[in-house]
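Chain IDs A, B, C and D follow the sequence of writing; residue 1 opens each chain.
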């Protein structure tokens, strides 16, 4: 303490928890985003046209690009959250583990969406609804994680403006309703829902975070 | 030494061993936990109902969630152990390599459990017994690793209370018997054994470690 | 500042952005390069000759070696660029995410090239054109990323010679035309295009970078 | 230099090259070792006995354990080498990339060995010969890498005893002949060759390195 190091309210090694927690999260997210490539499958066309077969695979590319952006933005947001969190007690570690469990499932729903997107009938809608249900679960878990940390300011870095962060919290949490809406949109049109998912990710990339995380300004 | 750095009893670079050892372990565990998603397979239903097919896949989701929790808790425990270990001689590195070899096999037994869980007959029981036999082997290897370090206190961080850790060791090691019991439970009911595995992981997440690793208190 | 630390023009935590950005990029590139092995498939020959089947798979090995070199060189170049970049604002992070999205798709086009390389007809040419179209997109994205940073010198490390780097920029950017040419070559001969891709990667490995990145001299 | 930092003969940022080179190598090796689990495949037995099917898969487990040990030891040795290397010029980076390219192919030859090990006839022998040919290529590349560094002592850490390392080099390099012998053994008995590969890895784990790398004593 004499050296200027802040005391650790939760025990001597807690800070290194966050470092290794972020390292595990980074590793898991890096692998999950890379596994998306397994959803791009080489078409076997025999004597047919490879070009046509590749073009016909456009739902797989659209799903790949959308999910890559989604996981990438999730990584940025995860990064932003943990930059403000100093200590990770067991409850927060488990919430983060749940978050990772949901993020890792994104390549699965991506594959689901890619395989069923252009089918007529209810199956395409179910596939996109599953995709957005997972997105909703991720958004809720992230809200729970951030809410958990905001309720215990001793977990936060000293430069976090807790009052501002708490005031911004409702706006942070209503982000989840977007995905609830997208689940409904899925049942209108799977394609529209995919476009919506892509646009929401793009919006979050450019707009959302700087407003809710004053520390980043 | 004049700078306050402790002398390294096992040679000049030993400490960096643990750093890179932990980095490799983190990398391997991060990849292994992410590969679990490969056990979630897109059902191909033709004109059938995708929704019904997704619901029928519930054993795969149950196995995925259980194994994600299991590997996540293993990561936390591995982390807790190595936070207390300062030097990793070759024997400890090989024990750790054996531990990683067993952890990496978890996606395989997860897939086994998911594919056979709802089959009637002996195969479902064999699948869950294999799952818990692997868990038992992991628990034993972790006990060996920790026992190895406790027998050579010069390998430990200076702030570890060796006496308390040694006293807690029996309780740490009897954890393994739980998995032996779960192997037997598998032959009564595969489903019950999976539920048991999930509950044990949850129990370890909340209860076990703080008691056995006094340093964390 | 009194301690000799430069002020951060874009906010207090910006430097750690680059560290974690590089860590994510390293993780993604490490996984993508390793997934190339999934394109090497065990041939099932029944009573036939395994040796012959392994030899017949030479396009897969050629594509594997080429793509491993390509991703490896991309890693070196990515590394060189980010060694000169101090701060990563959101625009640069998204450009980097796009770059990673394209790099992660390399195992897909590698598999495409391996499966179609020795087929007669247009399909082999389409496969190699797709491979080089992806390479072109990667080269353009890297140029955009570096141009973005050069236009905002406050993002760069203080030891970067901005004038020299700007003078070298045209040479850096015309590298992309090589891949445009290789797309055309693909339509002459797929095999020639693969050899060209390999040689270009080798050339970049030994020649190109030291000229364009004066900091490395 | 006044601060006690040694001057860097090859340019200002060279040391960080080795750090990120090791990080990429660690990442690639961690992914490659984890991908071995993909060679463990869930048997589909219908009404047959899962237990029998799992037991019949023993060549897959033997190959998995052997390759896990092989890659693990390679990681330890790679680690030991780079602990002594301070600067990585481009030639050394490319040699290391070649080394990684060969290591990443281990899951492929492991799968090959597992699938063909118990077949009668020449195919099992070809599979194991391919496995050991890859091992030989890895050993040679590692020797080239270490020889490259020994010829340029300015690349080494200052505490490396260059004379002792050079004297130990022949012993280091003859290690490769073991794999040449194992290729021949493969054509006598595939099973014997696999056992030999396992024993050689175990020998390297316990015996070899401390002798050849005096810095570790």
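Just so we're on the same page, a contact is a pair of C-beta atoms (placed from the backbone, for glycine too) under 8 Å apart; a residue touches a chain by one contact, two chains touch by 3 or more.
These numbers come from a predicted model, not from an experiment.
Enquirer: Would you mind reporting the rotation angle for the C-alpha fit of subunit A onto subunit C, rounded to the nearest 5 degrees?
Expert: 90
Enquirer: When subunit A touches subunit B, do the two copies use mostly the same residue numbers, with over half shared, or different ones?
Expert: Different-residue interface.
Enquirer: Taking CA centroids for every chain, report which one is farthest away from subunit B.
Expert: So the chain farthest away from subunit B turns out to be C.
Enquirer: CA centre of subunit C versus CA centre of subunit D: separation in Å?
Expert: Between these chains, centre-to-centre, one finds 26 Å.
Enquirer: At what distance in angstrom does the C-alpha mean of subunit D lie from that of subunit A?
Expert: Computed from C-alpha means, the inter-chain centre distance equals 36 Å.
Enquirer: Provide the list of subunit D residues touching at least two other chains, using ranges where the numbers run on.
Expert: 23, 27, 30-31, 35, 38
Enquirer: Mind listing the subunit A positions that touch subunit C in their complex?
Expert: Interface residues on subunit A, with respect to subunit C: 22-23, 26-27, 29-31, 33-38, 40, 42, 44-45, 49-51, 54, 64-65, 68-69, 72, 75-76, 79, 83, 159, 205-206, 210, 215-217.
Enquirer: Write out the stretch or stretches of subunit B touching subunit D in their complex.
Expert: Residues in contact with subunit D: 11-13, 16-17, 20, 23-24, 27-28, 30-32, 35, 38, 90, 93-94, 97, 100-101, 104-105, 107-108, 111-112, 115-116, 122-123, 126-127, 130.
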